[in-house]
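The same chain A turns up in both complexes below, where it pairs with chain B and then with chain C.
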Partner chain A sequence: MSDKKHKSIISPLKAARGMGADKSGFHHWWMQRVTAIALIPLTIWFMFCAVGAIANASYDRALEWLSSPLHAVLMILYVIATLYHAALGLKVVIEDYVHKESLKIASIFFVNFACFAGAVASIYAVLLVSLKG
Partner chain B sequence: MEKKERPLSPHLGIYKPQLTSVTSILHRITGVGLAFGTGIFIWFLIALGWSENCFDCFHYFITSFAGRLVIFFWMLGMAYHLVNGIRHLIWDMGYGFKIEDANKSAIVVFIISIIVAVSSVCVAY
Partner chain C sequence: MAEFKLPKNSVVQKGKIFKADADAKNVKSFKIYRWSPDDDENPRMDEFEVNLDDCGPMVLDALIHIKSKIDPTVTFRRSCREGICGSCAMNIDGTNTLACTKSIDDVKTECVNVNPLPHRPVVKDLIPDLNEMYAQYASIEPWLKADTPLPERERLQSPEDSDLLNGKNGHGPSACILCFCCSTACPSYWWNGDKYLGPAVLMQADRFISDTRDEATGERLDQLDDKFKLYRCHTIMNCTSTCPKGLNPAASIANIKRKLAERNA
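And now, the complex of A and B:
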């Protein structure tokens, strides 16, 4: 860049960094796919194994089911993958439909906070059940 | 900044619904629905970890008619988002972009997701 237009000491790359597409878009896109792939087997487990315990089991049967180390670990993995995937997906939906900047940022903040809190509470609950059993 | 009256491109509403656009918006609707659905298993887990009384309250709701309806539509949405999500991942790998292929895979998604949802509800009860 020896032409006259480029007078600044800052290189064109440095000037472009942080502008436009050079943000966290790729990481968002990639993590949505990573969690989606993890959720294929986990959702099949959830639909054919966990929902029976959720929809129909008595207290004792549900406790017994979730005290199994296999189901406890799968439940924790399912909770993390689902809520991470949900936070990523809801962010895109909010960005598409909420145009007021302050409301958009507040909504995304709320979604991330709710998903994180939901995940922590769920994992703590699974551990409580494991300790009871 | 001054807001200028510029011409807008036509809004989505004027287009005739197509299989591709319907499956796309359904993916988004079921996704948002499932995000709210996480409240059910979070409630289940917390109630189970907390106390028997707390769980009885959850159990009373989920075994009621409304609760069973919730479970059915939850599973329908989950099955659809799962199967159509796999369709999206196949697109991400670069396959199935021809319009006739996308229309065919849309039908396949509808059929498989109904089968998956109904069988999961049957297994649960």
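And now, the complex of A and C:
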């Protein structure tokens, strides 16, 4: 309602029904669980293999490790699952606590964009290393 | 933003103290939230000393004692005094419960704190405004919907079917008395109660989704597949731990989510 002075009288039932169900609830909930489950093995792999292999290795050795197709693919999956999960989770936190509609939409947009850009940049980096190798 | 501080005119002040008679031996204090829309004063906690030898065993007995013998303006809802109507729901000693089934002996602290159900507008003293919640209850259309014409006799259920509603132990969704102790204990409902339906109403939604005679299951699930109406539940479990009837609204919510997963996944 653009007119700031506009005051409505609506029944409690109309308020409770609102604009109906947005049909996004299940999909969001489901993807949050799918990414969480995917992250269990991927995080174990990341902690033991990736950190283990790269932490004490020379730069060349680390590049070589990441150029192996298996590790490159797992690294891309790990990045996608992590950032997708983060975007879904942060959206919920914002919806819980930010009630000003414009600020809410802007914050969710920002989070989604940041996670998406982070994922694209990471995937690009992994491909760059692994395809050159 | 979600509000974490009380607005200025809601900050609770110290109230009056009503002493018991000097010869009373078995005295317990009750601090009661007082607020009236008729003056411009902030809410306050009045303290009433009650002679327990002259009073029944439940917190509701003490409230009735206070109202009839000390201060007739103390305002609260009650009706059945046996835990079946849900009117006397309030926050006693930090927990939402029914005043009529809460024994005074069970309150171990020196003084019994009595407040209205949390995070609701207050009508007066211990009476919260529940209109929004009744409307949310109406919005899930809590009646049996079936297109199959009425049979000669009742619509049949197997004993197992009716267990889904009553629960094997009698603690299923049908046993809910709609006191709203659970919804007003739910942090998600505090922050987003205008859009989230809350555990009490969702348990009734489950009651009809799980009713084998109801033929509108899909339509009911459609109405709930929403990021606020249903999925604001973050499984915090306050609802189940506070329910004075020992019911499990969180299980009902999980059941609705399971049904949606069964349908959509």
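In the analysis below, the second predicted complex is superposed on the first by the 106 of 133 C-alpha atoms of A that agree within 3 Å, B and C clash if a C-alpha of one lies under 4 Å from a C-alpha of the other, contacts with A are read in each partner's own complex, and residues count from 1 in each chain.
The rule is simple: a residue touches a chain if its C-beta (ideal position, glycine included) is under 8 Å from a C-beta of that chain, and two chains touch if they have at least 3 such contacts.
What you see is a predicted model, and the numbers here were worked out from it, not measured in a lab.
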{"item": "Chain B versus chain C as contact partner of A:Val129, first or second or both or neither", "value": "first"}
{"item": "Which of chain B and chain C A:Arg61 touches, first, second, both or neither", "value": "neither"}
{"item": "Per-residue touch tally on chain A - higher for chain B or for chain C", "value": "B"}
{"item": "Partner chain(s) touched by A:Thr82 [first = chain B, second = chain C, both, neither]", "value": "first"}
{"item": "Chain B versus chain C as contact partner of A:Val51, first or second or both or neither", "value": "first"}
{"item": "Chain B versus chain C as contact partner of A:Val93, first or second or both or neither", "value": "first"}
{"item": "Partner chain in contact with A:Thr43 - chain B first, chain C second, else both or neither", "value": "first"}
{"item": "Partner chain in contact with A:Ala121 - chain B first, chain C second, else both or neither", "value": "first"}
{"item": "Residue ranges of chain B in contact with chain A within the complex", "value": "28, 31-32, 34-35, 38-42, 44-46, 48-50, 52, 55-56, 59, 62-63, 67-68, 71, 75, 78-79, 82, 85-86, 88-89, 92, 116, 119-121, 123-125"}
{"item": "Residues on chain C engaged by chain A in the complex (per definition of touch)", "value": "1-2, 131-132, 134-136, 138-139, 188, 191-192, 194-195, 222-232, 234, 257, 260-261, 264-265"}
{"item": "Residue numbers on chain A that touch chain C, as the complex places them", "value": "11-13, 15-18, 20-30, 92, 95-100"}
{"item": "Touch list for chain A against partner chain B, complex", "value": "33, 36-37, 39-40, 43-44, 46-48, 50-52, 54-56, 58-59, 62-63, 66, 75, 79, 82-83, 86, 89-90, 93, 118, 121-122, 124-129, 132"}
